[in-house]
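Note that subunit A is present in both complexes that follow, paired respectively with subunit B and with subunit C.
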Partner chain A sequence: MPAKILSVDDSKTIRMIVKRTFAPYEATVLEAGNGEEGLATAAAEKPDLIILDITMPVMDGVTMLGKLKEDPELKGIPVIMLTAESGRENVTFIAKLGVRDYLVKPFKDEQLIEKVSRVVTLTPKAVAA
Partner chain B sequence: MSENATAKQIATTNGFEDLPANVRSLTDLVSRQDAPLQDIAKIICGDANLTRRLLEAANPRATCEEDYTITTVDGALMRSGIGGALLLAITDPLIRAVKRTFQTMLAIDFTDVAPGILPTLDGEHVIGEVAFAGKATGCVNLRLSPAAAIAAATTIMGFPPAAEDLNDVIGELSNMVVGNFKSNLCDAGLNCKLSPPKIMRTNEFKLRAADGGFAQRTGFHSAGVDMFVDILVNPWTG
Partner chain C sequence: MTNTTTNFHTAQHIGEIVPNVFDTMLGLRAAIATASLETLPERVSGAIGIAGETVTGTAYIHLSEPLAREITHALLQCTAGQDAGDSDVNDVGGELSNMIGCGLKSRLNDADIVCAVSSPAAIRGAFAVESPPGVHAEKFHFACLGARFAVEVHQQLN
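Right, the complex of A and B next:
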């Protein structure tokens, strides 16, 4: 069963990098451009993991995380924050809301794989003969 | 890592970078409203790089050191006041954020240089702008030639970008630079919020500070891409 990963970021570039990073693995990457879309996709698709940005239009990542944790159906979905904001006050606040990990932009693909593989099983796709 | 990972664990595993002690001390002083200028001068005098940048900012029309009319740190601080020290304090984390972002995302090793060393951007060029507002208020502009912007976007995306994708890449790079820089400011007591990135095309290359404000331009040179980064700080209100 491929891992189902939801990337919530207003930047198409970041969503594309996330998608490309997991292309060699048995994984489906779903995309959402803000927290509101992210919540709707999470409710519909029940992903194995959410990779979440903070600063986004419509609904930011902190609000989405709060709503996710209030929802009995969704609160168990692990969340990794992927954001350019790393100030200690910010990180402390977000850590208290309950996140599995935190990756600061800029980031390398390998760092993202390493963090995600601690949460979901990443199986390399079989190489075509 | 547990669901309730602490900030300390997260900071340790992500290796958040602290500012050097002298820059941190300077930022701490500037973030106070009552810091004596002589305390600020003492820190700047102890660091050749901070001294060089303060004198550059205090002599905006000079093209070389021989043209300086203000030649001492005390003189520069008398002229620029706490706003000049603020600009100096926040330029250091900005330079670090630019280098880290472009090295990590594009494998570009930038060297920061005086802007006069690089060729000016003639004609239309691309600006990625993010504003910050709080104790310190202003904006940061990343300026690239169209060719440099396309090269950066192509490296990230793996193929030549459409116009919309080009804007998104430059916007995201600007966001990463200023987001990192903002985190350093907040940790030092200069809390602020960021605007979403704005992408513009302009023919205007001249650096213009607001009345009573301060501006500084830094050049970034690499083997393949050159870039300018401007920081514009509004008049300091404490």
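Right, the complex of A and C next:
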């Protein structure tokens, strides 16, 4: 069964990069533009992993993460935080949130694949003969 | 900027952050350049606000429309004949300013200058950014894909 990955980011660019990165794998990438949409999609689709931006309009990533953890049906979904802030203070803050991992922007595709493959099984798509 | 009240060197940080963003996300070389960027009739700029108790400001990236489009194609890995829409180009401009602004914010924080950043925005058109009195404005020029672009930082230390 393909891995189901939910990308929650207000930047369409980042969502497209995430989608492109996992295109060679048996994976379905779902998209949400803010935490509110992300929660709704998570509840409806029960993804295997959420890649979550921090700074977003409507509902930010930290608030969405808190609501995920409060929901018995969603609290087990692993979360990888995506942040553009690499400062010591921010990294310490993220580490305390109870996320599976985090990735600092800018990032290379390989870094994202490496982090995600620690959480879900990524199977390369079969090459057509 | 080397400010008399801090040892924070904006020029040095921008000179490291911008090439790193371009290399990591785009696989492109952005080299520090000295030539000035003329006002372009078609320009895409990304902007992000920085605010804290002791610092306020804005970081911009100014790209010509053709360069912004080329960068968008590189970032989204568009295939030959596949053209990015204007909204994609705008979003990439905003995202680049986000990565540069957040990189600057992280380094300010590491220098004990606590601040936050706004959501990024994209602006299109020919314009010049004027600073109010007391705001220190610096422009840094880069060369990429045979074209020039600029990063501008307006900063006020309170």
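By our rule, the second predicted complex is superposed on the first by the 129 of 129 C-alpha atoms of A that agree within 3 Å, B and C clash if a C-alpha of one lies under 4 Å from a C-alpha of the other, contacts with A are read in each partner's own complex, and residues count from 1 in each chain.
In the analysis below, a residue touches a chain if its C-beta (ideal position, glycine included) is under 8 Å from a C-beta of that chain, and two chains touch if they have at least 3 such contacts.
None of these values were measured; they are calculated from a predicted model.
Student: Looking at the combined model built on subunit A, do subunit B and subunit C fit side by side or clash?
Tutor: Once subunit A is superposed (C-alpha atoms), there is a clash between subunit B and subunit C.
Student: In the overlay, answer first, second, both or neither for which of subunit B and subunit C A:118 touches.
Tutor: After superposing on A, A:118 lies in contact with subunit B but is clear of subunit C.
Student: Under the stated touch criterion, which partner chain does A:66 make contact with: subunit B (first), subunit C (second), both, or neither?
Tutor: Once the two structures are laid over each other on A, A:66 reaches no partner at all.
Student: Quick check for you: in the superposed arrangement, does A:24 touch first (subunit B), second (subunit C), both or neither?
Tutor: In the superposition, A:24 contacts neither subunit B nor subunit C.
Student: Kindly classify A:57 by the partners it touches after superposition: subunit B alone (first), subunit C alone (second), both, or neither?
Tutor: both
Student: Give the label of whichever partner, subunit B or subunit C, reaches more residues of subunit A.
Tutor: Partner with more touched residues of subunit A: B.
Student: Just checking: does A:99 make contact with subunit B only, subunit C only, both, or neither of them? Give me first, second, both or neither.
Tutor: A:99 contacts subunit B only, not subunit C.
Student: Clash-wise, after the superposition, say which stretch of subunit B runs into subunit C: 44-52, 62-70 or 116-124.
Tutor: The one stretch of subunit B in steric conflict with subunit C is 116-124.
Student: Which positions of subunit A sit in both the subunit B and the subunit C interface?
Tutor: 10-14, 16-17, 20, 55, 57, 83-90, 105-108
Student: Give the list of subunit C residues in touch with subunit A in this complex.
Tutor: 20-21, 24-25, 75-77, 87-88, 91-92, 94-95, 98-99, 101-103, 105-107, 109-110, 114, 117, 119-120
Student: List the residues on subunit A that touch subunit C in their complex, please.
Tutor: 10-14, 16-17, 20, 55-57, 83-90, 105-108
Student: Please output the residues of subunit A touching subunit B within their complex, sorted ascending.
Tutor: Answer in residue numbers: 10-14, 16-17, 20, 55, 57, 78, 83-92, 95-96, 98-108, 118.
Student: What residues on subunit B touch subunit A, complex-wise?
Tutor: By the definition above, subunit B touches subunit A via 1, 3-7, 9-11, 13-14, 16, 100-101, 103-105, 156-158, 165, 168-169, 171-172, 175-176, 178-180, 182-184, 186-187, 194, 196.
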